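Structures follow.
Next come two complexes built around chain A: one with chain B, the other with chain C.
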Partner chain A sequence: METVKLQVFRYDPEKDAAPYYKEYEVPVEGTLLNALLYIKDNLDPTLAFRAFCRSEVCGSCSMKVNGKTKLACKTPMKELVETWKGKPLRIDPLSHMNVIKDLVVDIDKPIEKMKTLIPWLVPDPRVVPTDPMHESIIYPEEMKAYRDQIHCMLCFSCYSACEAVEDNSRYRGPFAFSRAYRFQVDRRDIETAKEKRIRYAISGGLWSCVQCQKCLYVCPKGVKPAEDIQNLRGQSVKKGFTDKPGARKLKHFVDWIYATGQINRLYLPEEVYGNKEAREKLTKAYQEMGVEVWEVPKPTKGLMKFRDIYLEILSKENKALELDFSHVRKIDKMVSDIFKADICTIVDRAHERGESAKGLIGKLKELLGGK
Partner chain B sequence: MLEYDIVIVGGGGAGLYAALWAAENTILKVAVITKVYPTRSHTGAAEGGINAVLTHSVGDSPEAHAYDTVKGSDFLADQDAVDIMCKMGAAVIYDIAHRGVPFSRRPDGRIAQRPFGGASFPRTCYAADKTGFYILQTLYEQCLKNNVTFLNEWFLLSIIHNGERVEGITAWDVRNGGVHLIKTKAVILATGGHARVYWNRTSNALGNTGDGTAAVLRAGLPLKDMEFIQFHPTGLAKTGILVTEGARGEGGYLRNKDGERFMKRYAPEKMELAPRDIVARAIQTEIDEGRGCGPNGDYICLDLTHLGEKRINERLPQTREHAILYEGVDPVKEPIPIAPTAHYSMGGIDTDKLGRTPIKGLYAAGECACISVHGANRLGGNSLLDVLVYGRLTALEAVKYADDAPETNPSFAKVKDDEKRILELMEASGKEKMPQLRRELGEVMMKHFGVFREESSMKEGLEKLYEIKERAKEVKVYDTSKKFNTDLISVLEFLNLVELAPAIAIPAVERRESRGSHARKDYPERDDKNFLKHSVIKLGEDGSYQLSWKPVVITKFPPEERKY
Partner chain C sequence: MIKIGFYQGCCFQGQDAHMFETMKETFKKLDVELELLEETTCCGGNTIDEENRKLSYAINARNIALAEARGLDMLVSCNTCYMVIAKAKRALDTDEELREEINNLLREEGLEYKGTSRIYHLLDFFRDAVGYEKIRKAVKRPLKGWKVAAYYGCHVLYPKEIAIDNSDNPSSLQEILKALGAEVIDDYEHKDACCGYHSFFTDKSMTLKKLNRILGSVKKMGADIVATPCPLCFKSFDIYQLNMEKPPMVPSSFLPELMAYAFGIDKETSGLAHHLVKVEKD
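For the complex of A and B:
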């Protein structure tokens, strides 16, 4: 019988000071799941991993082989041996989640994050009858809009592979956006829910996705989160700005206030009138006056909540689409660069330091009230 | 100690639908405990579809559905329960469709239905070939929406009752380790089936080990009709993994080694679409009589090639994927090697027509329960219906009961017992190896209690089962850690199977007739005079299995010969 050696990640936080790899010789037969079950039955009953359906529908058995995300029951051993000719096969748990033991990771956090995006149907009573004995009519063509998304089986492969999750712990995760998007394109879902989903998607990091496409490649079920994220972005910015000073001024106000809670005294002349020297001059002047000045305002506690409220106000005014999220993302990046952490982490830290959100909300009212 | 008003054990179709209906209809504290994350439950593997007569099912009626079900059950189903189930069909389908289940639609936008084995009308609603998957995902979404409390990766150990009413359960927290007492007024068991007793050849998930059913047995409560296990005719030859009945529904042919469509000799009218038990026996007979395919003549061919690639991709994408992955065969080009595989447990926890057990506040729903709506043989597509109808009904019953039931006062004794039991497993001799013994259990069950059965062979098999049960005492849990101890869970599951196996074998020996899935070579005929009754089995004080019988409820449909 042909065999191959697997180096399997082992870690029991109760007993082991650090993770280590243990080598097992397994038959090159059936799937990787068969190999793991072989280990458990014949070599080492203490190895922990998840598996249930053994036929690629339950999403339990995702893990990494030599760094690549794989569904164990969907991965023939032969294929692994052929791909990695001669090289050892390293089996690791998924990334971005805490290891509970060996190959088992904690999936509660991504599930909690997903929940914030309303990934369920909120029926529109005009489309979905409230009478339980009445059928809602749906044409086969319209179901094509969410044909792919409904295959998500919560295996968290994409979450493990995602670069945005790597950078930003608040990032909701590729699958979460796909599962939310599925309802954005379902006629039965009510408009107000759709609006909310967009808002929550935005505060959940919609613009942090770097479009690396990894999620799309690793998904064992053909879901395409990267595309869904682009489509969600499209939904969030249906309208652009015309390039006039007035519009630019508005844009500056809207974007900076959303991003940081205030307008930017240093950037305003540049962004609105194209005055490139103003920033430097102003910086000097402020410093001479002994006023502390940052290139971007320091994010404070409550900023994320503030963003939600601000968006809500804009939506009520039907102005939500005037927010330019690519600009916001640039500002976020500036903030990240200056404070050496992503915006969410800084806000989290502000929470820890207990910095007050005082004034933010008031300022908001002031600014919008005057309009 | 944790405290709830209603505890639902199981997060499959039955458990989630119960949770949803409980959550929406009460302010009581409801929790779901489940040994795997809900979306991983075996309901997700159901492909074919779910039966129901809808408002646009022209010519069909709940009555016709009931008749087909009763006939399919070989007249062992309780007709009052079947009546309830069939009448609620449209209501549950529309309800879950309104919640987002993406049922396949006809061009006019209405829910599509297709023919299925044993049904006189095309009444199986489906969502491509992943019906159970979509239902499970949608129910989970809706539970999240309703903020249902989940204890994910918790393992039910014991049921606590005082002989009259249920008081709580004990459970093992898989993630952190430790036995917990959960106090509650009502418990709905929705722990799924036990076809894993046939360990080596089953379509079921690794964990379909009848834990809830075994806990009921240990609690001294009755199980019903345990001898009836459905063998699905079309399991992939190598692994037992299922090829959906939809493959035949879409027009697939069964052929023996001579290329003959042999079903014409067994069910000339319905051919491949005859009920499962008949098709499974036909296949087994072909194999037994030397007309099987392949070098060992141990499988039959399921031929889909004439359907064409487009239709296969559209209607049976998962079947194609599985055949390629697990059997190495592309159904577009070649027929799929298949053989019968243990698939569904008709028997289970004894309940009445509303899912109530003899203990107040204790309910069972879904595959772990024996209501009985499936009798001696379940029709394809009727299980998901049973799962939803009884998930919902037991939820409403439990809400009604828990609403004014007094507080319970479960004792900690069970916790101590369970802790002791687990410790003993970790300190056992290890003379016997669990995986080996589990394989033996599977072999004994398949050989002596398989598709065909016979007195002398079964008696021999029963002796072997008792022997395995003795030897199982020497099985050891090697992993002594608390966190995510899958070794412990596997052993506990195995012990549940060991306990359930004789409960299947004993009534199988005693039922000296052939009915539905229970096919005896020595008694090939149905015997209504002596056996038109349910078998009931429970454990006596001394731990011995005690068999009794109880009558079948017959209302509209008098027993007649079952011909297709």
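For the complex of A and C:
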């Protein structure tokens, strides 16, 4: 029978001075949970871990294998052995929570954090009948908006893997934002609660998520917290919480991409922080290194059609920000000044531009303040 | 000779225009011709999704359609662009209604998203289309004695649907570095931490904490340089590192720069000479 070594984290805070690893040899069969049960039944009954349903429902058996968060009852031993090429598998408890014993962690903290985001329905009396004899109907179409989110089983895999939790203890956690979002798009939930949730989400680190996508990767239920966080950010901007660096960054993207097909990294710090200096410093730093800097907003061929597509989508969809046309006109003017032609002519002649672009560098440095 | 459509994003134009020239030279040595897809636009940087996800899908349907119109696969040399475009492709390939709706808009420009082009990132392009052996053969100046820390970055490994390697235990980057003759370091403590690039504007202290952990653990292993296949991770390492109170001054590189150098292109042209944290090794 094929076997593999598990090095399992052991720690009993009441007895042990420090955590240690204990090695067990287990069959490469079934799931990681089977392997742990094998240890408990045959090798060492003192090992503590949580598990209940054995079928990816209860969410209690999350842990880490060689640093990667896994749901034990969903993870085949074969797959682990293949991934790690037969090397020993180090089994650790989830991160960001205190260890109660061995692989069992204290989930109170993430639960408390989640509660700050009002993860429940606050019924709107105009939609939800107060008379219990009347049904409160939800249509299948509506449910699509939160079809995935409701599958969260609070396994805390995402909380353990989260890059924002790691470096910002205030951060509420991926699953918590997904829960919040689930009610934000529920028609039965009252507007005042939605407003509050956004406020609490912002103070709970909404803009701190780094979008690493690890929460999507580790979630055994197909919840996509990083995407819900993007949706919540959009909602926050739409509700008028625009005085945030993240919101200003979004505005930069929306306006510049429409105007030129690109963002403009020289202007980004200025538009996010009002920091002109950064632009000047960057330009200067590059010059000193002898690198020609020119962050010319370079309108691409087909830009006018691209703008049409852009506007068409924005006009149909529920958008966060309105395109700021006065900003767009300013960008257009800057581009026209640089290329000495109006934007349509520039786009038409885009193909001729390639080689001559370098000649513009001197001019651009002047214009962009790099003198 | 392989011909592939090159998606430039923001990292290969403007202040980084030289990088595209270097890439062209480097790829030529591997018998690969990069055809610039110059009508493409910014992928939305995973930020436009906050405004409206469908807008992000539409922009990238257009980007992909531009490669398809030329009958080319598309190479995306930035982790985030790759993730955003690959996610859009997945959405378009699995949701017929979405595809139809967006194609109706694209048609005005004479474009159509068909789903026929493969989207490559550098790592799977080198592995699947070029082959490690070819890289090995192109090396003129092996990186002998270079201790190089392999750093993937998040958006080529997560989420699973778009991952280009085994997300838990990837190997493509190490293989490429080995082919260049380098000594690979891939067991440093924080190799899997996020580089923090995307939070620099929204939570700067988080970026700096991450850089501290990653570069600190790289330094502990005695690496000469970090190599990453993502131009954004590279910027975080090379530029944002200097925002730290006590920068560990760990040099870093965008993978193609190291390849260029190993293929015999000089330090100046490869870009290695222009880093803020100097690359002393040669």
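The rule is short, and it goes like this: the second predicted complex is superposed on the first by the 238 of 371 C-alpha atoms of A that agree within 3 Å, B and C clash if a C-alpha of one lies under 4 Å from a C-alpha of the other, contacts with A are read in each partner's own complex, and residues count from 1 in each chain.
Operating definition for what follows: a residue touches a chain if its C-beta (ideal position, glycine included) is under 8 Å from a C-beta of that chain, and two chains touch if they have at least 3 such contacts.
These numbers were taken from a predicted model, which means no experiment stands behind them.
Novice: Where does A:Thr3 make contact in the superposed view: on chain B (first), on chain C (second), on both, or on neither?
Specialist: After superposition on chain A, A:Thr3 lies in contact with neither partner.
Novice: With both complexes overlaid on chain A, does A:Thr116 touch chain B (first), chain C (second), both or neither?
Specialist: In the superposition, A:Thr116 touches no partner, neither chain B nor chain C.
Novice: Quick one: is A:Tyr139 in contact with chain B, with chain C, with both, or with neither? Answer first, second, both or neither.
Specialist: Only chain B is touched by A:Tyr139; chain C is not.
Novice: Using the superposition on chain A described above, determine whether A:Ser203 touches chain B (first), chain C (second), both, or neither.
Specialist: Touch status of A:Ser203: no partner.
Novice: Does chain C touch more residues of chain A than chain B does, or is it the other way round?
Specialist: In the superposed model, C touches more residues of chain A.
Novice: So, A:Ser95: does it touch chain B (first), chain C (second), both, or neither?
Specialist: A:Ser95: touches no partner chain.
Novice: Taking the superposition on A as described, I'd like to know which of chain B and chain C A:Asp12 touches: first, second, both or neither.
Specialist: So A:Asp12 only meets chain B here.
Novice: Note which residues of chain A are touching chain B in the complex, please.
Specialist: Contacts found on chain A: 12-15, 31, 40-42, 45-60, 74, 76, 100-102, 104, 107-108, 115, 118-123, 128-129, 132-140, 143, 146, 150-154, 179, 183, 186, 188.
Novice: Could you list, by residue number, the parts of chain C that touch chain A in their complex?
Specialist: Contacts found on chain C: 10, 13-15, 17-18, 38-42, 44-55, 58-59, 62, 83, 105-106, 108-109, 154-155, 157-160, 163, 166-169, 192-194, 196, 198-199, 201-203, 205-206, 209-210, 274, 276.
Novice: Which residues of chain B touch chain A in their complex?
Specialist: Answer in residue numbers: 36-37, 39-42, 44-45, 54-56, 90-91, 94-95, 97-100, 102, 104-111, 130, 133-134, 137-138, 141-142, 144-145, 152, 175, 205-207, 239, 241-242, 318, 321-322, 325-326, 434-435, 477-479, 481-487, 490.
Novice: Quick one: which bits of chain A touch chain C in the complex? Just the residue numbers, please.
Specialist: 65-68, 83-85, 163-164, 166-168, 205, 207-214, 216-217, 224, 227, 230-231, 233-234, 237, 244-246, 249-250, 253-254, 257, 261-266, 268-269, 272-273, 282, 285-286, 289-296, 298, 300-303, 305-306, 308-310, 312-314, 317-321, 350-351, 357
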